[in-house]
Every structure is written in structure tokens, then in C-alpha cells.
Amino acid sequence: MKVGFVGLGQMGSGMAARLLATGQELTVFNRSPERMQPLVAQGAQAARSLADFADSDVVFTMLAEDQAVESVVWGEGRLLQCLRPGAVHISSSTISVALSAQLAEAHAAAGQEYISAPVFGRPDAAAAGKLFLAVAGRKELIDRLQILLDAVGQRTFIVAAEPEKANLVKLSGNFLIASVIESLGEAMALVEKGGINRHAYLELLTSSLFNIPLYKNYGALIADRKFTPPGFAAPLGQKDIRLVLAAAEALEVSLPFASILRDRFIRLAARGGEIRDWSAVGGLAAEDAGLLPKS
Amino acid sequence: MKVGFVGLGQMGSGMAARLLATGQELTVFNRSPERMQPLVAQGAQAARSLADFADSDVVFTMLAEDQAVESVVWGEGRLLQCLRPGAVHISSSTISVALSAQLAEAHAAAGQEYISAPVFGRPDAAAAGKLFLAVAGRKELIDRLQILLDAVGQRTFIVAAEPEKANLVKLSGNFLIASVIESLGEAMALVEKGGINRHAYLELLTSSLFNIPLYKNYGALIADRKFTPPGFAAPLGQKDIRLVLAAAEALEVSLPFASILRDRFIRLAARGGEIRDWSAVGGLAAEDAGLLPKS
Amino acid sequence: MKVGFVGLGQMGSGMAARLLATGQELTVFNRSPERMQPLVAQGAQAARSLADFADSDVVFTMLAEDQAVESVVWGEGRLLQCLRPGAVHISSSTISVALSAQLAEAHAAAGQEYISAPVFGRPDAAAAGKLFLAVAGRKELIDRLQILLDAVGQRTFIVAAEPEKANLVKLSGNFLIASVIESLGEAMALVEKGGINRHAYLELLTSSLFNIPLYKNYGALIADRKFTPPGFAAPLGQKDIRLVLAAAEALEVSLPFASILRDRFIRLAARGGEIRDWSAVGGLAAEDAGLLPKS
Amino acid sequence: MKVGFVGLGQMGSGMAARLLATGQELTVFNRSPERMQPLVAQGAQAARSLADFADSDVVFTMLAEDQAVESVVWGEGRLLQCLRPGAVHISSSTISVALSAQLAEAHAAAGQEYISAPVFGRPDAAAAGKLFLAVAGRKELIDRLQILLDAVGQRTFIVAAEPEKANLVKLSGNFLIASVIESLGEAMALVEKGGINRHAYLELLTSSLFNIPLYKNYGALIADRKFTPPGFAAPLGQKDIRLVLAAAEALEVSLPFASILRDRFIRLAARGGEIRDWSAVGGLAAEDAGLLPKS
């Protein structure tokens, strides 16, 4: 299979490397060309433009946001125009439900296939092929491409036939993670102001009821108050909460916790939070309690 | 050691049975005497009144709320009057930080000892001796009584020398659990209204990032919408959120998620929620979204 | 001056009638033509299409939302194409800050003028020429057209030279009104459940500190629980809160009250609220308190 | 009538002076005796202790909080013990619903009368006899004492026969005022960051829909960012929100806006807000938006 990969950020680079490592014939593309070098060194072809994906069987995209995906897909010389009939676009970006539905429609109209396959996991999981994939699209197609999904993830969950539903699941998952960050931030500010060591407290939590990497890792970031450099930047978290709220409003579901998170991220952005990890939301309760200098 | 146990609800009965099972000489007391029968059948003595604890070395209390603890401790013929000097009161109830501090002071003034040892876990964990204990008090005393703590719990975390700090930790933990319930309730309402099966969604979550009993068990209650009979009744959850907010206000820490939870529990109470499990909070998002009939 | 008016809903009809009543030569247009009849009877010309505004000096638009304004302005035979150079578009619709900025730019590029003049007041105030106008645009232009603004409003406030700033003011005002609705709804639910007559309570409030029509009128709607037929429909209120939050996120301002209102409107929408007045938000606290049947 | 007055803070001093000015025979008491001087200069008697109220027909109390009222009423040589049978205690303090109910019961048991008469208005209104009074108690008794109520207020609203209901009304009113402060704070932060002068904005609001002193005065404090010295100190506002939430929880009414306010006041307290006016809550949105230095 000829496989393409567009978007070599922290996540995309790891995923592309996994595809190479499992023997796929891979062509990569990135706006900043220097990020293609390490993969070329591992055997990938570097595309000069999206036109080089004309003979690809499958092209992954892994980009930061809706706008980036739109600019790769639509327009002169862009993916929708370049892909041959029957070729498959696998979108792993965390994008809006609405855009994913539009992509499904546009690819179908062009005689192409579209699978939505957003991922859970941070860059280290991507590099290790340990992502979890929420996948939606035609079942036979997903089955046929399982080998590619297995290259990047440790497990695939087939969510639905309609691709945009995988995006809803992904956004809801990021909402759950952000809720963990906020709740830990509040609890730690409380116990610390009550005179309890926050690292010891975290040890208690994660040795008992909350014994998973999610609580351990985010808890450590909050207890260490180490929010730079970002593993997942705050503006991306803000974007995800905006998208989950937009999807929820369209579906007429009110999400009080997500509304709190929205306000938290905006506040972070207004005070220089754009260079911090999204776990910096977990520092705001301490700031309000007077435990941390105001950012 | 002569051990006493006051309060044989779902949690206390399990804990008392564990003390018996590990060979302690146990005397039990409960306001409704019929709950003493099963333990007497297993070898416990039934106290006729609190006066029967006059020669106890250690007395556990495991009661529903501040008022119940106050009525057991203070007053004519109550614990503070009955216990001999040097005897130890181990309080495992989920009570306010303020009351725990008062108990510490009162027992000290009476020449008695006081340890705060609230527990994490539901009734099945209590019966199996699998609770987690957050313990605070004099270190040497805790060490000396470790055998009793090991009888009821799988692990003891020593939090601080000041007993009330264990209560703060316990309340903060219940806040974290309630946050899990609410966030799952919101996420499930969202994906269900988006056309995704909520049991399949929960399977995805708990097979990937949220792979712990806490998410599995509460997620199942919410997905099944099975909120009766209560394992932990909603009014008790409401009480815990009230106590955590009171402790936070005293310490000048604002907790936006806890404020949301407070409103949720009050709403539940106003519409007949007092007979439901506290996980019924996780059904309110679905109700607001029109997925559930009005409670 | 040849004046045009597009959009003859409850608000627009009143405003157009005022322009007629003060002697303007008026041409009107509405998608549903039957709404033009009463104005024609009062002396207006009925346009057959937007092309009939080719010789207008000034054209008002008063439409329900962004999409309606966009479809009137952009495209073949639409306002941007039809207006002659130098003609003025006065937009009184409650639209997004972003769209208003786009309109300013588009009209300038076409050699036309653009004033943003959103209004405060309900239909009865429009019919009486008693609206308040928040106006932004070129100062000399506003001065020149003051006679038209005076026809529809009792007072004009010049906000800024940049038209979109008037829209920000308008949206912030609707946020303040919605906050009044919610706060009254909460207070009335509280005192009613405490055994106090809610009409007597409202009388107390509006005879003392809250002695303005805003509190009297919305208070009466909430106390009467009379939310149909809508004077200002809930989906329009929901739209305004969405727009104010979008503007606030773009400016990096977090608005906790607006987030609560957003959740309230979504909840209303999910349970059939689209046919109610936006003051129905003020019934939700009573509903949650068990005072009202669930909608 | 022999009238007593206990509590000569900013509010109480003004009220007592009004009683004198309308010809009442007045005896005053204050913990810090120097505050009695100005009233003695105007003709009042200074009590040396509460025992001096033994022959009073009516005693007003106007104190800062529950604890102060409790310490004046209960105990050796306190009001409950000193007042003669048939004497009337008029409580104008903003206290909890629960305490007011206790006072009613205690005075009845002692053969004394109790009226709850909390007031709306700031110190200048108290000095001018322009307060609004929410009064509850026995109707005939209130009628008989109307002359005293008229001395301190411009209007009396009789709320109910049960005294504590007046306190519920008072607390709900302070909640409404705090909601005005917060909503104005959010709106002003928004428009200011959007480039609009906040004083001009306030002028627009209060010349149109929000044309009452409440919006003008609090709006000016927020626009001026002048939060010291306090007219009504933030800790008192925080106390009132705590009391309204406690009353609401007891009645099973959830108040989302009040929960936001609670978090705001706590945050203010944690960062040195105790010396500011409660309108400082209206500065937090600006602070979060990066418009104000961190408090």
C-alpha cells in the first residue's frame, strides 16, 4: 500500500515513524520541510507538494485545528483535488464534528473514501505506537486498513459508520481529561492550604482510587507546577473545549463543567497562558487561593 | 486489645466483621440493635449502652454525619464521659474538618487519645478489608494500632499529626469522585445525543485512559441509569460537598467544580433524589438534554 | 432623502412606521410580502426586490440573525451589489461583532457607507419611537442622519467610529438583561419556596431598589409564569448569549454569568423552549426547586 | 415610648439619629463606647450595659452578623434576660434565616415580642431616613410601631407574620444586588477590552434601560475601580451570600448565580479583599482579562 502522511508535529512525527517501522511505503509532507528530514532518514519519501499524493492509496492527516485541515483539503492543488478515486483519507486531527461531516460529504462526492480516526495519547505514546484510536467510517474499509491503525495504536475502537461521531467521542474524551485536570487543581489547592503536602497527597490518590497514568501524570504536572514547555499547549485545549461546547450546543446538551473549563482557558489565555501546557488550568485554583503568584 | 465499634451501617458492619475475622476481642453498639445480631453470631459482644466501652482500649466510630457523631460523643453517658484515660477513639466517619478538630481537643482535655481515620471504598470493599485509610494523629499511636487499621483496610496513608487533616483529605477525595460522576454524566449525555451507544462509549473509555474501577463502576451506574437502591445515598454526597465547601471557605479556597456539584445535589434533593445513589447526579445532564424523563 | 427598510418583523415594522410618521419617503422590503401591506397603507412603497434600493440614499436592515443579514447583503442582486456609491447601510440587527466588521469592510470597498445602529427596547418601544440606539460609524455621517435615528429612537448614544463596537455594546446589554432575568428567577424561586408570595415580593423589589421597567416587566413575566407567546423568543436570546461569548473569547474575557446563561438557554431549547419568551430562563430555578412541573 | 438602640456602626448610627430627630426618647449602646458620643450630643442617653434597657418598650439591634446578635441576646445580663415582658426587640441586622427563627422562638418563650426589620440602603440612606424596610412579625404590633419604622425608612413592606421571612427577603435582595455588581463587572471588562470607554458605556446603560441609583452607583465604583474605603465591606457581602446559600440549601433551591458569587467573594478574601468594598467583586472579570494588575 502506498501511504501518505500530512502533518509532522509532535504527534504526527511519531505516528509516521510507526508506519515506517511496520514496513509501510510512506510519503510524508509538512509545511515546514525540515520536519520531514528525520523520517526521510528512516526511509520515507518527502513530498514536494500535495500533488505527490496522487497515486497514494491512503493519506493520513494529523494537523492542529480545523483551519489547517481545511487549507490542506480544499483548494487548487489540495487533497480533495489530488487524491484519485477510491483513495482513502484518514483524518486523525482533533477537529470539529461539523468539519468532519463536511469532509465525509466532500470525499464521497469526489468518489474518495474518508475515515475519521482521532487518537488518545500524548507524544510519547504516539512514538511508541501506544495510542488509542476512536475510529468511524465504513466497517469494511476500516477492517481493510486495520494494519495501518495497528501500526499507530495499541487498540482501535470502532465507534460508528458516520465519521464525525469519532470526533465527538474524541472531543468528549478531551473534556473528561480537562475535567480531571481542573478537579485535581481544586483538590490540591484545598489540601495544600490546609497544610498537607501536595506530592504526598497525590501519592495517596494515585496509590488508591485514582491509580492510572492520567491522574499520575497530570497530578505530577500540577503538584510540580511545571507548565512549560507544553506537551499539549493550552490554546489547543481551549480549542477542544470550544469544539465540544459547539457540538453540545448543536445537539442541545448543556455541560456545566465544560463551561467552567471554557472560562478557565480564556482566563489563562488572557494572562499569557498560550505558551503553557493545558494542565496550567490546574494551577488557577492555587492562584485564586493566594498560593501562587498571579500569572 | 479490647476493641469497641459504634455504628453498624453498611460500612461499619463490614469493618467490624473484619476486626472480628482478624481475631480482635470486639464489642459493638448500634442505635438499632437488630444490626448487632450478625456480628454477635460471629463472636462479638453486644453493648447495651456506651457505658459498656468503659474498659475498651480502642473504640471505632463509623456514623453518617456530624450530628450522629456529636450525639455519641458528648453528653451524659456518652463516649467522652465513658472512655477511660489513655483509651483511643478512632473516628472513621466522614465528618467536618471543624468537628474533627473539636474532637481532638475534647479527647485531649479528657486525657484520651483521638485518631481520625476516614476510609475510601464502598460497602463491598469494607466487607473485604480492602478500604484505603487516610489517617492522622500521633505517629507512635498510629503505629501501635496498625494491626487494627490493617484489619479494615488494604493500605494506610498517614496524612499528618493533626487529626482533622485526614478529614480534609477524605472530603477532597469525595469531591474528586463526585467530579468523576458529573463529568461522566455530561460526556455520556453528549455522545448519546450524538447517536453513540453509551455502554460502548463507556467500554472505550475504561479500556483506554480511564481503566480503573472508579470510572467503570460509576460509569456503569450512569449508563444503566440505575440509581436505586443507593450504595451511597445522595443526601450523604450532598453533605460531603457541603462540608468540603465549608472547609474551603474557611481556608479561602474557591472550588468552581464543587459549586456546580452543590447545585446538582440540591436540585436532586428538591425532586425526590433522597432515595437515590449519589451517582444520580450523573443523570441530570441527560435529563436536561431531554434524554431522560423528568425526575 | 430616499430611505429603504429591509426586515419587517415585530421590531422592524414599528421602526419603519416611525420613519413614515416623521415624513420620510420610504420603500420597504420583506421576504414574506404580506408584512409590507400595513406600511404601504401608511404611504410606503413596496419593493419587489433589493434592486429597487438602487437609488436609495439610506437603507436600514433589521433582521433576526447573522445568516439573514448575510443573505441580504452578499450575492447576485443583493444589497452590496445594488446600492449606489455613497449610499448608507444602517444595520440595526443584533448581529455578531465579526460580521459587523466584515460589513464595514465590504461596504467601504464598494464605495458605500456603513453605520451600525442596534437598538434596545421591545416591540412596543419600537412602535412608539422610544428605542435607545447604540450607534457607531463615521461621526459626520451619523450627525447627517440624526433625523432618521431620532425618528426611531428616543436617544442615540454614539459609541465609536468602528461600527462593530456598537454591536459589542448591544450584545453586552442583552447579556445584562439576561442576567436580570436569571437573578430574578433564582430570587423568586427562593422566596416562594420560603413561603412568600412572589407577586408581593416583586412589588417590594420594584418599589424600592429595582424601580425600573426592566425589573417590573421581566419580573412580572416570571411571577406570572407566562412565557408564551414570546415577545423576544428564547432562540434569539440563546443566539445573543452565543455571540457575546464568542466576542468575549476573541477578546480573551471570561464571563462566568454568561456561561451559566448559555447552559440555561441550551437546556430550555432541549426541552421545547423554542416557542417561549427568553424570560422562560427565569423559570428554570423554580423548576429545579420542584415548584414548577418540568418542561 | 422608651426606645433603645444597640449597634452604632455606619448604618446603626444613622438610624438612631433619625429616631432622635423624630422625637423619640432614645437610649443607645455600643461595644466601643466612643461611637455613642455624637448621639448623646444630640440628646440620647448612653447605656452602660444592656441592663439599662430593662424599662425599654422597644429595642432595635443593628449588628454586623449572627455572632454579634447572639452575643447581645443570649447569656447573663443580655437582652433576653433584661427585657421586660411585652417589650419588643426589632432586629434590623442582616442575619441568617435560622437565627431569626430562633430569636422569634426565644422571645416568645420569654413573653417578649420580636419583629424582624432588615433594611435596604447604604449609610447615606440610613442617615437620611430613606431606607426601605422588609418587615415581618405580628401585624398589630408592626402597625403600633409604624412611627418608629417611618423614622428610619421611607417605606415599610410587610412581608409575613413569621419574622424570619423578612430575613429571607433581605438576603435575596443582597443576592440581587451582588448579581448586578458581577454582571456589570463582566460587561465592563468585555466592552473595555473591545476598545470602549467604560465610563461612556456606563452613561449609556444608566441613561437608558438601567436608569436607577443601584446601577449608577455600583457602576461608578466599578468604572472608577475605587474599592476602598468600603461602604459595605467585602466580608459582609461574602457573609450574605453564604447565608442566602444556606437558606437556599435548607429550602432545596439551587442558585447558580449565587454559587458564582460565592466563589468570587472567596477569591477576593484570599487575596486581601477584606479591606475593600463588596463591589470589588466587579473588578475580578477585568483582572482575569488582564486589564487590571493582580490584586
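The chains carry the letters A, B, C and D, assigned in the order they are written, with residues numbered from 1 in each.
FYI, a residue touches a chain if its C-beta (ideal position, glycine included) is under 8 Å from a C-beta of that chain, and two chains touch if they have at least 3 such contacts.
This one's a predicted model, so the numbers in the text were calculated from it and none came from an experiment.
Shared contact partners of subunit C and subunit D are A, B.
The chain with its Cα centroid farthest from the Cα centroid of subunit B is C. Comparing chain pairs A-D and A-C by the number of C-beta pairs in contact, the larger count belongs to A-C.
Between the Cα centres of subunit A and subunit D there is a gap of 52 Å. If each chain is reduced to the centroid of its CA atoms, subunit A and subunit B end up 37 Å from each other. In terms of their C-alpha centroids, the spacing between subunit A and subunit C amounts to 39 Å. Taken residue by residue, subunit B touches two or more other chains at 248, 252-256, 260, 264, 266-267, 270, 288-290, whereas all remaining positions touch fewer.
Chain contacts here are complete: no pair of chains fails to touch. Within the complex, the subunit C residues that touch subunit A are 242, 248-249, 252-256, 259-260, 262-264, 266-267, 269-270.
Interface of subunit D with subunit C (complex): residues 97, 120, 132, 134, 155, 157, 159-160, 162, 165, 168-169, 172-173, 175-177, 179-180, 182-184, 186-187, 189-191, 193-196, 200-201, 203-205, 207-214, 244, 247-248, 251-258, 260, 285, 288-290. Subunit B makes touch with subunit C in their complex at residues 266-267, 270-271, 288-290, 294.
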